[in-house]
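Read through the structure below, which is laid out as structure tokens, and then see the notes.
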Amino acid sequence: MKRILALLLAAVMMLSLAACGGGGVSLEEYQNQTQPNATDHSGKEVKGNFPVPEVGYDGSAVTITFAHTMGAKLQAVLERGIEEFNKLYPNITIEHSSYGGWSDIAGLINTEIIGGNQPNIAYCYPDHVAQYNMAWATVTLDELIASEIQVTRDDGTTEVLGLTAEQIADLQGGGFYEEGMVYGDGLMYTMPMSKSTEVLYYNKTYFENNGISVPTTWEEMEAVCKQLKELDPNCTPLGYDSEDNMFITMCEQYGYDYTSATGDEHFLFNNDNNKQFVKKFREWYQAGYITTEALYGAYTSGLFTELDASINHSYMCIGSSGGASYQIPANGAFEVGVAPIPQVSTDNQKVISQGPSLCLLKGKDTTDQQVVASWLFMKFLATNLDFQTDFSATSGYMPVLASAQDHEGYKAFLDMADGYSNLMALVIKVGLEQTDRYFTSPAFVGSSIAREQVGAMLAKCMSETTSDVDTLINNAFESAYKECKYHAG
Amino acid sequence: MVESKHQWKAWLYLSPAIILLLVFTVWPIINTVAMAFQNNYTAGLGTAKGVKIAYEIGVENFVNVLQYENFGQILKNTMLLCVATVPISTVLALLIAVALNSIRPLQKFLQTIFFLPYVTNSIAIGMVFAAMFNIIGLREGNTVADTWGIINNAIMLFGGKPINWINQGSTYWANMVVMIVYIVWNALPFKILVLLGGLQSINKQYYEAARVDGTSRRRILTRITVPLLSPMIAYVVITGFIGGFKEYSSIVGIFGDTMGPKSEPGRLNTMVGFIYDSLNAGTIGAQGKASAAALLLFGIILVVTMINLQVSKKRVHY
Amino acid sequence: MENKNMKTLTAKDLQQVSTASRVMGILVKIGTYAFLIAMALIVLFPFYWMIISSLKSTAEYRRNIPTFWPEQFVFANYAQAFEEGNLWQLFKNTAFVGVVSTILSLVITILSAFAFARLEFKGKDLMFGALLATMMIPGELFTITNYLTVTNLKWIDTFAALIVPFLVSVFYIYLLKQNFMQIPNELYLAAKVDGTSDLKYLWKVMIPLALPTLISITILKMMGAWNSYIWPKLVTKKESMMLVTNGLRNAFTSVDGQANIPVQMAAVAIVSAPLFMVFLFLRKYIMAGVSRSGIKG
């Protein structure tokens, strides 16, 4: 075995020597370089890395691939969309494939990028895009969006390759458009596709019977919790499903630092301001006002729908808008109300925006026509009202277009909204009313580590038994920060 | 037995395996080593644009790994899990296999049952453990909960105090016990299958002879079964150690990606867990760090395996 | 003569020790059964859980306090699994990959194990050590390199990419080598003297004797095809090549990314059933094989 080791080592040394003999840029140079700005056909420098070809889409036959995570039901909706799209562009063949869950898709695509087999369009979260960016594999959308080239469709009509002013306004009205620019370089990388947010679910029947008003601020929330605890000492008034979101949302609502996509220091959350609200929530937890998934040991939606008054149960739950179906109690035992989550102040109302977007990928062998065709399809998915509303009504995700509310079929869907079995529609309604509140935290390589760390830290600070709260909190912040720095500093 | 003129034959028989191994195992290993010695190696940088990066050659990746604050903890977890689970699962599997082999009625039925874990989805296994150990709704000074989990129910039935096994605020040792039980459980079916296969290959005449001589059961076990089965036992132990040092997915099965209770992320992390984390983080230097950690792990496993082989050379009866 | 002597001896002995040893024997038997049944119940628990989970409604499954027996049997989960999962296609692909790779893998494993167990050649220990060493590096690190290799070979979206990279398993070569080594060397030498060729000896003696282990390897290899996940997804995108795990993992995911576990469990139960049948069939075969070959030697 010793001999083998020696052999291996020798082979490696030779190999690595050979590797560096080949030239190339140093790692430092690569990191300091942003993606090279491209020049267009006339030699003019363009914004971002993709100059739109002069002809736009030339109508030629192209095959493009789309990687997503959709299950059977959503794939059916997607296929309906593809059918519609192909009526306009029959020469663009779309091969779509489900890559598994969220934990799978980013890893798979990262590997594919190395082999040059990446899909043309990926259904993704900002954290993923940041990774694709690191390999310079993404296509910036700025030039495509701004393009005024006319593209001829199969029925003889034309459309502008880019987005029209109305389309942009419609997308901005939906509240999710700016999310394409959370990467710190001012460039646009993604189009929103299907979005979710957090809402406050509450037991409307109980609230009405006891004359409790729904809290709109955290101050009111504290009072309501106190009131509920007095009415029903056996309850934990509020469940917050995700500690990660809780921490990030509080930073945003207070205007305190969390992370930054730019600058030398990404991780800004280790500050005294944040420790203050963490301390406050610790008090809430100790008083029995609040719990989270980790602290409770199971989904807090289960706590909310629990009907046995002799065990733990809650009257409010802050959870994902996509999880509405889990917040419905058995047999319609009570009416569920839905409200925006409480705020720190009415001047700076914030609620997290989640859910996948779409990005374009380009490898060495990807042709410009493929990119343009992919853009056309991506644009279709984001801006086609029929598709958006169909997708939303099936999935429970929110549509990304403000005009969705005026869509005939979708109106009927929203009109069915109630606090019982049609809770999904009710949640979407609330989501559509708070479009000015959405925020997305900065995305960079390592932003997902920060999410995980702050969530863990919050859970620890809220629950751990200690006589010295400040030391506990200081240490927890410090070690979370160190962990982030080690993995992504 | 040495027949030098037949040497080529041995190589001929081995050739399909060797060729495939060279392409799909040795080549990746060489690459792993190469990545480990290129400072901050990051796979895929610039590939989409055909840009090549010249990394500096050095040992920075190793330094990075060793400087990790929790490296000691990771090493400790890896060792502990391996050392605790391999002997327990081997002895238990041996007892079950021998017992299965010794009975007549119900033998087929029981053998079938011990095979069932193979057709059980791993998600189901994780779920069961959650139901066994997870406490839901712990509150008020840890005296009231909505569900204590099956294990605690049993403990309380016998008048014991419930233990916080895996939840918020649980101790390291409680976590460890759960992991050991889970890993042993997971490892059992394969070991039983292998040992049973080995037992069935033992010539029945040995037992017949022993029966005629009136040898006691224990003597049959220690003097006939175990020695004749020793190649398989050695196999189970050696591969068990190799696999044990690579433990990772079982921890995710219980604790999820946090590799510990939510408030203590990474408390039960292992070497391979660290490698995964590095790869998944996808940050600059990810593959370099992961490869360096893999080589360090390789070194540890190599030493342990050499000791194992040395011991088995003396003990195993061929 | 001898027979007669023995008979008298045992008869006398029996009278003295019979009661004690018989009681002992019964106790041991009861103990053995109790132990086996207890272990069986423990081992069986997850399987039981999978089945009951596959019959629960989503709401019941998600309840915080788990139920040990479905309050209401939702057989519709199975219907849904069939409808949405495209199970037949998945099953066909997986079975094809499983059978082909198992057969090829068995051939390679048997030949290699034979060389290591019975032949002498220069560098044998070194070679074997090297093989073992390959097991000591976590395979996760191989993915990128192998992916590039398969890409360069133009194997993307072919069955070759699903089968070839995993044909050799040192794990199984080692297992079979150990099993072969249990077989007394004298048999081989005798065969040599008789002029039997290696392959004939391998076929006529070694394989029958190692049949139980070979069957274990077959089952494990088949299971590999049933359980592999990341790699198949990486190298094949076509629906027509998708393997069971890939198909299942996502087919029943609800929109907010939470898997519909009951339906998923139902699907797993459906696709595992054939595998279980194969095992039952093979086991019958093992027993026959063992009793046939056990006499000789």
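Just so it is clear, A, B and C label the chains in written order, and each chain counts residues from 1 on its own.
Simple rule for what comes next: a residue touches a chain if its C-beta (ideal position, glycine included) is under 8 Å from a C-beta of that chain, and two chains touch if they have at least 3 such contacts.
None of the values given here were measured: they were computed from a predicted structure.
Looking at which chains touch, is this a line, ring, star, complete or other?
If you draw each chain as a dot and join those that touch, every dot ends up joined to every other.
Per the definition at the top, count C-beta pairs in contact and tell me whether B-C or A-B has more.
By number of C-beta pairs in contact, B-C is the larger.
Using mean Cα positions as chain centres, tell me which chain lies farthest from subunit B.
A
Which one chain sits nearest the middle, judging by mean Cα positions?
Of all chains shown, the one whose C-alpha centroid lies nearest the global centroid is B.
Would you mind pulling out the distance in Å between where the CA atoms of subunit A average out and where those of subunit C do?
41
How far is the middle of subunit B from the middle of subunit C, if each middle is the mean of its Cα atoms, in Å?
Centres of subunit B and subunit C (C-alpha means) sit 17 Å apart.
Provide the C-alpha centroid distance between subunit A and subunit B, rounded to the nearest whole angstrom.
Each chain reduced to its C-alpha mean, subunit A and subunit B end up 36 Å apart.
Quick one: which residues in subunit A touch 2 or more of the other chains?
1, 107, 114, 116, 298, 303
Note the residues in subunit C that touch 2 or more other chains, in rising order.
In subunit C, the residues touching two or more other chains are 64, 133, 144.
Mark out which residues of subunit B touch at least two other chains, giving numbers and ranges.
29, 43, 136-137, 146, 279, 302
Enumerate the contact residues on subunit A facing subunit C in the complex.
Going by the criterion above, the answer is residues 1, 3-4, 65, 69-74, 95, 97-102, 104, 107-108, 111-112, 114-117, 196, 298-299, 301-303, 306, 320, 322-323, 325-326, 330, 394-397.
Can you check the complex and tell me which residues of subunit C touch subunit B?
Touch residues, subunit C against subunit B: 13, 28-29, 32-33, 35-37, 39-40, 42-47, 49-50, 53, 64-66, 107-109, 111-112, 114-116, 119-122, 124, 127, 131-138, 140-142, 144-146, 149, 164-168, 170-171, 173-175, 178-179, 181-185, 189, 198, 209-210, 212-213, 215-216, 219-220, 223, 227, 261, 264-265, 268, 272-273, 275-276, 279-280, 283, 286-287, 290, 294-295, 297.
In the complex of these two chains, what residues of subunit A are touching subunit B?
For this pair, the touching residues of subunit A are 1, 5, 8-9, 11-13, 15-17, 19-20, 22-27, 30-31, 36, 103, 106-107, 110, 113-114, 116, 118, 131, 134-137, 236, 243, 288, 294-298, 303, 311-312, 361-364, 445-446, 448-449, 452-453, 455-456, 459-460, 463-465, 482-483, 486-488.
Which residues of subunit B touch subunit A in the complex?
For subunit B paired with subunit A, touching residues are 29-30, 33-34, 36-40, 42-57, 68-69, 134-140, 146, 167-169, 257-258, 261-266, 277-284, 302, 306.
Any idea which subunit B residues touch subunit C in the complex?
Its residues touching subunit C are 1-3, 6-7, 9-11, 13-14, 16-17, 20-21, 23-29, 31-32, 43, 92, 95-96, 99-100, 102-103, 106, 108, 110-125, 127-128, 131, 136-137, 146-147, 185, 188-190, 193-194, 196-198, 200-205, 214, 217, 228-229, 231-232, 234-235, 238-239, 242, 245-246, 272, 275-276, 279, 287, 290-291, 294-295, 297-298, 301-302, 305, 318.
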